[in-house]
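Two complexes follow with subunit A in common, the first pairing it with subunit B and the second with subunit C.
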Partner chain A sequence: MNFAHVLFEAAPSLWRGLEVTVEVSAVSVSFALVAGLLFGTALAYGPILLRLPIRAVVDVVRGIPVLVLIFFVYYVGPAAGLELGSFSAAILALSLFSACQVAEITRGAIISVHHGQMEAARAVGLTFRQCLVSVIFPQALRRFLPPWINSVTDTVKGSALVSLLGIVDLMLAIQQVIGRTYRPMPFYVLGALIYLCINYALSSASRRLEAHFAYVRD
Partner chain B sequence: MLHYHFNFGLIWQHFDKLDWGLVVSLELTLAAVAVSTVLGLAFAVAHVSGGRGVRALVAGYVECIRNIPLLLLVYLVFYGVPTIVNLQYSAMTSFIVTLSLYYAAYLVEVFRAGLLAVARGMQDAGKAIGMTAWQRLVHVRLPIMFRIVLPSLSNTYVSLFKDTAIASVLAVPELTYGAQWINNNTFRVIEVWSVAAPMYVVTGYAILFLLRRFERIYAMR
Partner chain C sequence: MTEPIVRMAEVGKSFGATRVLDNVDLSVGRGEVVTIIGPSGSGKTTLLRCINALETYDSGSIRIDGVEVGFRDGDSRRRPRRDRELAQIRAATGMVFQLFYLFPHLTAVENVMLGLRKVRRMGRAEARERAMRWLERVGLADRAGNLPSQLSGGQQQRVGIARAVAMEPKMLLLDEITSALDPELVGEVLAVVRSLAADGMTMLVVTHEMAFAREVSDRVAFMDGGRVIQEGDPESVLRRPASERLRAFLSRIG
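So, the complex of A and B:
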């Protein structure tokens, strides 16, 4: 059998795998964005009693390898009353890790805005929330975007680890196809190219976004 | 809480799987740190001082590697490459090579930024007292660059340590593999992961702490 034929046979399972990879990544990225923005804002402005527990969680989670975190959530979750299937456990672990990265990025972006901006905004009578939404966040955005896109590509790459819980994402679909066809090299390279395309598209989109939100526009 | 009877006895009984696993993790880390640093430095110097062709090659390498999951690269090098070239290597060698190539791509960016941050005047001064290009690189640019990049270098090394967990998929007997072994042979799943995860956290922060101390000493000199 020539490779074109093998590829044709394998295409449907690879496509289903790709859909799962995209799904896992999209859910994790969205959850991480919401949770990370909240945590990060709390880290920058919250009272110490809120800051300390969040700081502890963020630092501990970032210290665990994503692979171990996935196993941890999957196996230890039930002890804390979290009976999760492998799919939800994998997404929860990936989201949690990514959320902690985003929290750190958000905090960094916020404190990079000069504190005089906040004082000036308060002085003209804006409420705290108005200050955040109309003054701090728009300025923090351009510091936030580049590392955030990095964390998105990290999440897409990290989603390959869910295959180790038996979830048939692109990574495991490739493994299964190789198991059927005994052609490791072409399919690994194909898989690498697919991941490369997804992430390259993300990073070029981000470069355009960055240019759009830069202070000085060309 | 579920009605679950914790039993850490079996974990301590097999603790050698975990502590020797940690030693293997650290061995992998050391080897990959050494190789990836040398590679990353060489690529960065080539990128900064090379022509357009070299620059495009290094940029292409960085872009490719950074956009592919490490897990896939690990499989590709261990299961894929030997099918097309006549090479035989152990899982451990294969993983060290993959991890080094992967982190070299991250370190290129770190070193490149550092090299570009060295003040132009420093190089001009070197030129003025008659240093050759090589002397300027070794005695002026690299030492200054290292002081600039040390904090991000430390962070990259700690990430590298955490990524050694992926060696478990090739059955390299490191910490995660040890934990999986205990997981599969004693079924004390909750206990084993509650022990293994903190081991990573503590070791990772210990490495970071040592590197931060080193940063301070090196900066004050």
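So, the complex of A and C:
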């Protein structure tokens, strides 16, 4: 059997695997973005009683390998009354990991905006929320985007680890195909190329966005 | 003096062990221009920031048109005001900063429009029209579409003034607005302030420009060590200093 034929037979299961990878990544990235923005803003402006617990969670989670976090949520969760299927557990773990990175990126981007900007916005009579939306966030965006896209690619790559919970994502689909065909080399290369394509598209989008926001100088 | 717009009574504030404001009494009447002079660290800027509620004060009272700035009225326990109330109070005074603090992501006209849109809730066309009127007034109508990074320091500061006055505040607070400018750019900014004063704008000005203080002020207050040491018409304060500290300050500054 030539490789083209093997690939043709394997294509449907690889496609389904790719769909799962994209789904896991997209859901995790979205959750992480929302939670991370809230956590990061709280870290920058919140009262100490809010900052301390968030700081603790962020530091602990960022200090643990994603794989350990995935296993922890899946195996230790039930003991704490958190009974999750493998898919939910994987997404929760990935989201949490990514959210903590986004929180740190958000905090850094916010505090890089000169404190005078907040004062000037307040002096004009804007409420705190208006200051954030109209003055701080637009300026922080330029510093937020590059590291955030980095963290998105980290999440896409990290999503390969969910295969270890038995979820048939692109990674596991490739391994299953290899198990059927005994052709590890071409399929691992193919898998690597697919991951590379996704992440290259993301990082070139990041470069375009950076250029777009470069006009904001301070 | 006419009925005061801002009345400060026994205002006190400490940063840790340092007493930065020590029982300050000062009032500014409607249409009056009051200048505060004094060495750096004397509490001038902190006083302005307290009036604009960017800083809290520990004791005493600051009232703008009878409304207590930092604390809720009619409450003996001095409870701090909520964010929304503070925003409203801040909108009643316009502040111009030493380092301009224009919003770098917005053009000159958008800088002036932001408060009109968000705080005064004007429509886009109305806000733009009023912003353009003020940019014209400060001589920058042709720069309306420029970002702050494309403007000189003097031009940026004139946009800063337009941003503050376009809100039609009860008074303007000017915090050393020419200190960060190259000497040849100071004149254009002072000319704008002079014309506002001529229009009867109430102003409290912190400055190191003594000639300017003498020219535009109705009254001058000298602060040192968090206190108002001497206060009166410009001639008497600047020509006949009553204290050794003011004499020393005036001779240092030339």
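Convention: the second predicted complex is superposed on the first by the 215 of 218 C-alpha atoms of A that agree within 3 Å, B and C clash if a C-alpha of one lies under 4 Å from a C-alpha of the other, contacts with A are read in each partner's own complex, and residues count from 1 in each chain.
Keep this in mind: a contact is a pair of C-beta atoms (placed from the backbone, for glycine too) under 8 Å apart; a residue touches a chain by one contact, two chains touch by 3 or more.
Remember, predicted model here, so these are calculated numbers, not experimental data.
Participant: Should A:Gln130 be classified as contacting the first partner (subunit B), the second (subunit C), both, or neither?
Facilitator: Second partner only.
Participant: Looking at subunit A, does subunit C or subunit B touch more of its residues?
Facilitator: The partner with more contacted residues on subunit A is B.
Participant: Scan A:Tyr195 for contacts with subunit B and subunit C and give back first, second, both or neither.
Facilitator: Touch status of A:Tyr195: first partner only.
Participant: Is A:Leu161 touching anything from subunit B or subunit C once the two structures are fitted on A? First, second, both or neither.
Facilitator: First partner only, subunit B.
Participant: Classify the contacts of A:Val177 with the two partner chains as first (subunit B alone), second (subunit C alone), both, or neither.
Facilitator: It touches nothing on subunit B or subunit C.
Participant: When the two structures are overlaid on chain A, which partner does A:Arg122 contact: first (subunit B), second (subunit C), both, or neither?
Facilitator: In the superposition, A:Arg122 touches subunit C alone.
Participant: I'd like to know which partner A:Val76 touches here: subunit B for first, subunit C for second, both or neither.
Facilitator: In the superposed model, A:Val76 contacts subunit B only, not subunit C.
Participant: Give me the intersection of subunit A's contacts with subunit B and its contacts with subunit C, in residue numbers.
Facilitator: On subunit A, the subunit B and subunit C contacts do not overlap at all.
Participant: Any idea which subunit A residues touch subunit B in the complex?
Facilitator: Per the stated touch rule, the residues are 60, 63-69, 71-72, 75-76, 78-81, 153, 156-161, 163-164, 171, 174-175, 178, 184-185, 188-189, 191-192, 195-196, 198-200, 203.
Participant: Can you tell me which positions in subunit B touch subunit A when the two form their complex?
Facilitator: Those residues of subunit B that touch subunit A are 1-2, 4, 63-64, 66-73, 75-76, 79-81, 83-84, 162-166, 168-169, 176, 179-180, 183, 189-190, 192-194, 196-197, 200-201, 204-205.
Participant: Per the contact definition, I'd like the list of subunit A residues that touch subunit C in the complex.
Facilitator: 114, 116-117, 119-128, 130, 134-135, 138-139, 215-218
Participant: In the complex formed with subunit A, which residues of subunit C make contact?
Facilitator: Interface residues on the subunit C side: 52, 54, 83-84, 86-88, 90-95, 97, 99, 101-105, 114-115, 118-119, 147, 149, 163-164, 167.
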